[in-house]
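Across the two complexes that follow, subunit A remains constant while its partner is subunit B and subsequently subunit C.
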Partner chain A sequence: MARVSRTRLLAMARKEVLQLSRDRRSLILAFLMPLLLLVLYSYAISWDVRNIATAVVDQDNSTRSRALLDAFRASGYFTMDRDLARVADAEPLIDRGEVQLLLVVPPDFSRRLGSGRPAELQAIVDGSDANTATIVLGYTQAVLQDFASNVLLRGVRARLPLTAETRVWFNEELVSRNMIVPGLVAVIMMIIAAMLTSLTIAREWERGTMEQLAATPVTRLEVVIGKLLPYLGIGLVDVIVISVAGVLLFHVPFRGSAALFLVLSTAYLIGVLGLGLFISAVAKSQLLATQMGMILTFLPSFLLSGFMFAIDAMPPVLRLLTYVVPARYFLVVTRGIFLKGVGVDVLFVQGLLMIVFGILGLALAVRAFKKELE
Partner chain B sequence: MRGPGGRGSPPARSPAGSARERIFEVVRKEFRQVLRDPRMWRLIFVAPIIQLLAFGYAVSTDVREVSTFVVDHDRSAASREVVEKLTASGYFLVTGRSARSADLVDALLHGRAVLGVEIPAGFARDLGSRADARLQLLFDGTNSNQALVARGYAERILQSYGLRLAREGLAGGTAAAGLSSGSAVVDLRERAWFNPDLKSRNYNVPGVVGQLIMLVSLLLTSLAVVRERELGTLEQLMVSPLRPLELIAGKTIPFALVGLMDLVIVTAVAVIWFHIPFRGSLELLVLASVLYLLSGLGMGLLISTIAATQQEAFMTTFLIFMPAILLSGFMFPVTSMPAVFEWLTLLNPVRHYLFIVRALFLKGVGFEAIWPSYLALLLLGGGVLAFAAARFHKTVE
Partner chain C sequence: MSGGARVNGGAALAAPPAPAVVAAGLTKRFGAFTAVDAVTFAVAPREVFGFLGPNGAGKTTTIKMLAGLLLPTSGGGSVAGFDVMTESESIKRSIGYMSQLFSLYGDLTVEENLQFFSGLYGVPRQRRAERRDWVLEMAGLTDHRRRLTRELPLGWKQRLALGSAVLHEPAILFLDEPTSGVDPISRRAFWELIHTLAGQGTTVFVSTHYMEEAENCHRLALMNRGRLIALDAPARLRAAMREPILEVRTPDSPRVAEALRGVPGVLEAGMFGRAVHVMVEDAAAGRRAVLERLAERGLRVEGIAEVAPSLEDLFVARVRAAGGAVSD
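Moving on, here comes the complex of A and B:
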């Protein structure tokens, strides 16, 4: 194979840029989609649970029961503007999804508490959204236990014999945005690969320009690299825009080294783009290529990388499967650099894997392209 | 549908036939075209399976077996009991132990553990002498949701353990003054309605129906129309006696049927394979799906008037589909969104449909509790379809 000529390489890249700049939809996808996703993910949606719509049935209506309910109000998590007389009144509200949590204070609450018998509080939660319900119950428990230990220990000047000092590192306020933005970098690159790169060779086939390309002296490595370069540029711009916007607009911390981040992102991007080109060369039709791209690159990196769904909680078979998803490792890199501020010493293995992935992606693309040109 | 029996020579009494016959012919042609294309088979049958597998198994917000790293400086029976209390719940799984604090930090930095438990020397002694024994829980907050829920579990477990110790201590102690003689605490009787085990699968899998019907109706409709345009057969259809509205009906009905087929597949798999309860009425589910299909088909038609090639149609679908799903409450509760977006979701048919689907699957409510969502689906669907039909009309002429 001939050596890579700079002139031919640049000509190839220029042609690709020209073609791309005339394709409005691709440009939208390349630049607007990432921004749209950033706004949606970091501003619009979250798993943070606030303002839990709470209904109260206070059958006791005593100083103690009111003190308990005040403790709930004071916690700031509950919106308690519905005082109901009977539990049955709450049912239609829960059915319609207007009330998430129902607290029932039984009539003997105060009496039991006074006489030293365990009192009881009922919490009925709309469990259909399991995640929200779990968090709601967690908050309920926390408020109640604070209240209980206050009651228990009042007057004896004692403290609980056991204190757990809980601290959260890396994302101290547990904001879901801080988890999502660094992961989004990985997912958006996958979208670019799946939706943009996968088209580029298939397009040549569909338009019949592949023969023309084959007739030119350009080598296959030059074609692959030439086609890859513009997308690498787009990808890097996206990475930088998302990171800067994430940090400046959404106050996501960036604690590590920007240089390391860029180097590893580039390696990952090359791998991803190579994969996209590979798909494109295999599929030969744009439509099929996009669909394959979605299924092979976008979906796994979205679902099996730990982007939003903890790998710990997956069944063993899927957990094994996540080891072959490159985004899984890249996520360790982005989160490590953004949130944990770690360097090469910690990210050594992942960094190496990124570089291997980059080379592999490139090699795959060149190999798949080979047959076509001869 | 008349099925294969309708394949015989089409009734040709008059050259134009009745509107119903003409629509039927387009439907039949469309079905043939779809079924002949292996890609479509993939889309129709493989997509539901992949989605169901993903949302039944991979996509889970349940928190369990959180990897935990333990540094026990005390090495006493008491310290072991605390760790045992944590792991016995099933929420935590000890994946590493060490005698050095530095290893714990290392495990968190590498992401090998989400929780680090450090028990200082003298823990058992402090606990025995009631001198406020302390232990440290260090969470990796990178996955905020997991960390939040796990922190809740850990604090709950330790606090109730502490309370038990305190109760025992006070009962055995002398100066249990005031109301705190013995075990005066409040027990929480918690019950989760509709989903007692709080499995996220029960929430996610029914939602797949909403996602699939939208995807199928958007994609198939837009691709079908654009394909005709690409092949140049749209002109042929136009010179045929078909009226535009008949063409629209013929182009959308097959995909509505495909969407309903997906509804059946997903519902069956959800109930039979994943044991997700279905407590409501099937009729209401079908009615909601039909209304929901109006929006999907309308949007698909709209896309077909914008996109020139199938590829463009696919991309446009993707551009519309992603935000629609994200802002539907499919995985992220609508109530957690900022007010502006919460209002915006009212225009999103996916949101209304998912609300109905979940209410029917898990809550088993009747029409009186959810009729506003039906109304919303009807209005949105009718509006979109009418707009799309008007635009389609214009592009055809």
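Moving on, here comes the complex of A and C:
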């Protein structure tokens, strides 16, 4: 392959920037869409369970039962503004979805506690949303456990219906946006590839400008790198904006090395953009390129990377498929650096994969891009 | 303009210069279809070489092969001394190319397009402004340099495309139907540019399907159905034509042309502007046969006279001689 000429490379990149700056649709996709996704995912679509609507039937009405209910209140997860007289009163509220959790303190609660016998608390959860129900039960158990240990500390033997001791590391509060923001970084880059880069070569074919381009001495590598550079710039700006916004606005922790994060993001971006250019060169029409981009890059990174759905919970076939989704590995990188603060030692394999992916994407694009016309 | 404008006649001064463009049995097949069939010719340096033929005659395919954009199926050739089979990238550095369809960037301004192609052709940095200004001046676009290219009228776009193709001062220029779809006045202006460039020493290889434009060329290659059917200076091509042409003036030329086909002694009959051109074997006998048939059909004739053949007549005659139909 011929030597890369800096003049031709810069001419190519400059042209691409000028075209981008005049294409409103691309600008929106490049700069507004990532912010929109960030806000949407971080604010609106929260997988967190908070303000659980809780109704209470306190049949004991003792100091101890009130202490228990105060413990629930103090946890911050439960909204307890309904005190009911009878269990039957709660049924219509649960049916209508106004109440997610019903706590029933039996009349002998404090007596049993006082005499050292196991005390019981009845918790009725609206199980129509299994995911939420599981989380509500988890919180309930955590509060009970905490309460029970306090009771034990005071020298009273008591046994409460306690289960597994759970502790969450790295995302102690199970705040879903702590998972989302690092994941979003990976997904947004794919959008840039699928929606923006995939159009650039196809557009040249569609508008006929490819013929003039092909008639010049510009090499394939120069075209591919020249087209890639502006998008790499946009991609890195997006990565930085999303990360900073995540940290400042949504208080997502960033515990690792920013330099490592940028290096691996750059490698991943090059791969992603190369993939986009490859699609563009193969498709030769903008419509087909967009569709291929959606199917080959956007959807897999959205659905099969572990961003939306846990890979462990997937059927075996899909789980196998995730191994060829580059976003899967990049997600490990971003979450690792954001939440765990891990370094090269831990991310060695993923880092290497990112670099391999970068080179592969670039090579694919150069191979697929033909200067010959047919 | 006549064949006297030929430049390659001055070869006696020294050893004949190496041809700028050579095609030797150049052939391109797309599957079973032969787009260009063993075409052979040579273009002298500084010549304005015309490629004439209807759409689908293989002109564009030939130009693309010579410009290094398409690989020939067989045969070969050279451009600026580089082999079309193996040195297409070297060819691209030595030529300017203007494609049939407008293919500059509509979303860039006039100036930005020029800057882009300056960069791709590696025009030295210190010469860029000078070359840009020269092209703007030549194309008459100096006052429109900051306009988006897509807003320009087609004639201006074509001048800009020509300008982009000569930024790097190529020795050879390939223009593929540069004036198709352009109004007659713009077309004339465009040809003046071509002659300006040729006067400065550029070899111009230009294709067209406008017969009257072809008169502007030093030499003319007639193409039909992928084959080269004639090659000479326009005047000599005409002089070599033996069949007389009768021009019939009539208010009803389509029906007249129709009525004359198949008349004994009439070789071809076709509309030419508002008149009908009739190619006959013999002028006197043909004239009698034509008038007889038109009287028979009750078609009015305002006048009939033998005229000098147009290039179109010539083309039709050559296609006949080659034993084929016009590919359109």
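Brief remarks on what is shown
Methods note: the second predicted complex is superposed on the first by the 257 of 374 C-alpha atoms of A that agree within 3 Å, B and C clash if a C-alpha of one lies under 4 Å from a C-alpha of the other, contacts with A are read in each partner's own complex, and residues count from 1 in each chain.
FYI, a residue touches a chain if its C-beta (ideal position, glycine included) is under 8 Å from a C-beta of that chain, and two chains touch if they have at least 3 such contacts.
What you see is a predicted model, and the numbers here were worked out from it, not measured in a lab.
In the superposition on chain A, the chain among subunit B and subunit C reaching more residues of subunit A is B.
Once the two complexes are laid over each other on the shared chain, residue contacts for A:A363 go to neither subunit B nor subunit C.
When the two structures are aligned on the shared chain, A:R96 is found in touch with subunit B, with no touch to subunit C.
When the two complexes are overlaid on their common chain A, residue A:R207 makes contact with subunit C while staying clear of subunit B. In the superposed model, A:M314 lies in contact with subunit B only, and not with subunit C.
Applying the stated contact rule after C-alpha superposition, one finds that A:A258 touches neither subunit B nor subunit C.
Subunit A meets subunit C in the complex at residues 2, 5, 7-8, 10-12, 14-15, 18-19, 22-23, 207-219, 371-374. Contact residues on subunit B toward subunit A in their complex (touch as defined above): 39, 43, 50, 54, 57-67, 82, 108-111, 114, 126-127, 130, 132-149, 151-156, 158-163, 165-167, 169-170, 175-196, 198-203, 223, 309-312, 314-316, 318-319, 322-323, 326-327, 331-333, 335-338, 341, 355, 358-359, 362-363, 365, 369-370. Of all residues in subunit A, only 25-26, 28-29, 33, 36-37, 40-41, 43-51, 53, 68, 92, 94-97, 100, 113-114, 116-135, 137-142, 144-145, 147-149, 151-156, 158-176, 178-179, 195, 199, 286-288, 290-291, 294-295, 299, 303-304, 306, 308-310, 312-315, 318, 332, 335-336, 339-340, 342, 346 touch subunit B in the complex they form.
Against subunit A, in their complex, subunit C makes its touches with residues 64, 67-71, 89, 92-93, 97, 99, 101-108, 112, 115-122, 125, 161, 164.
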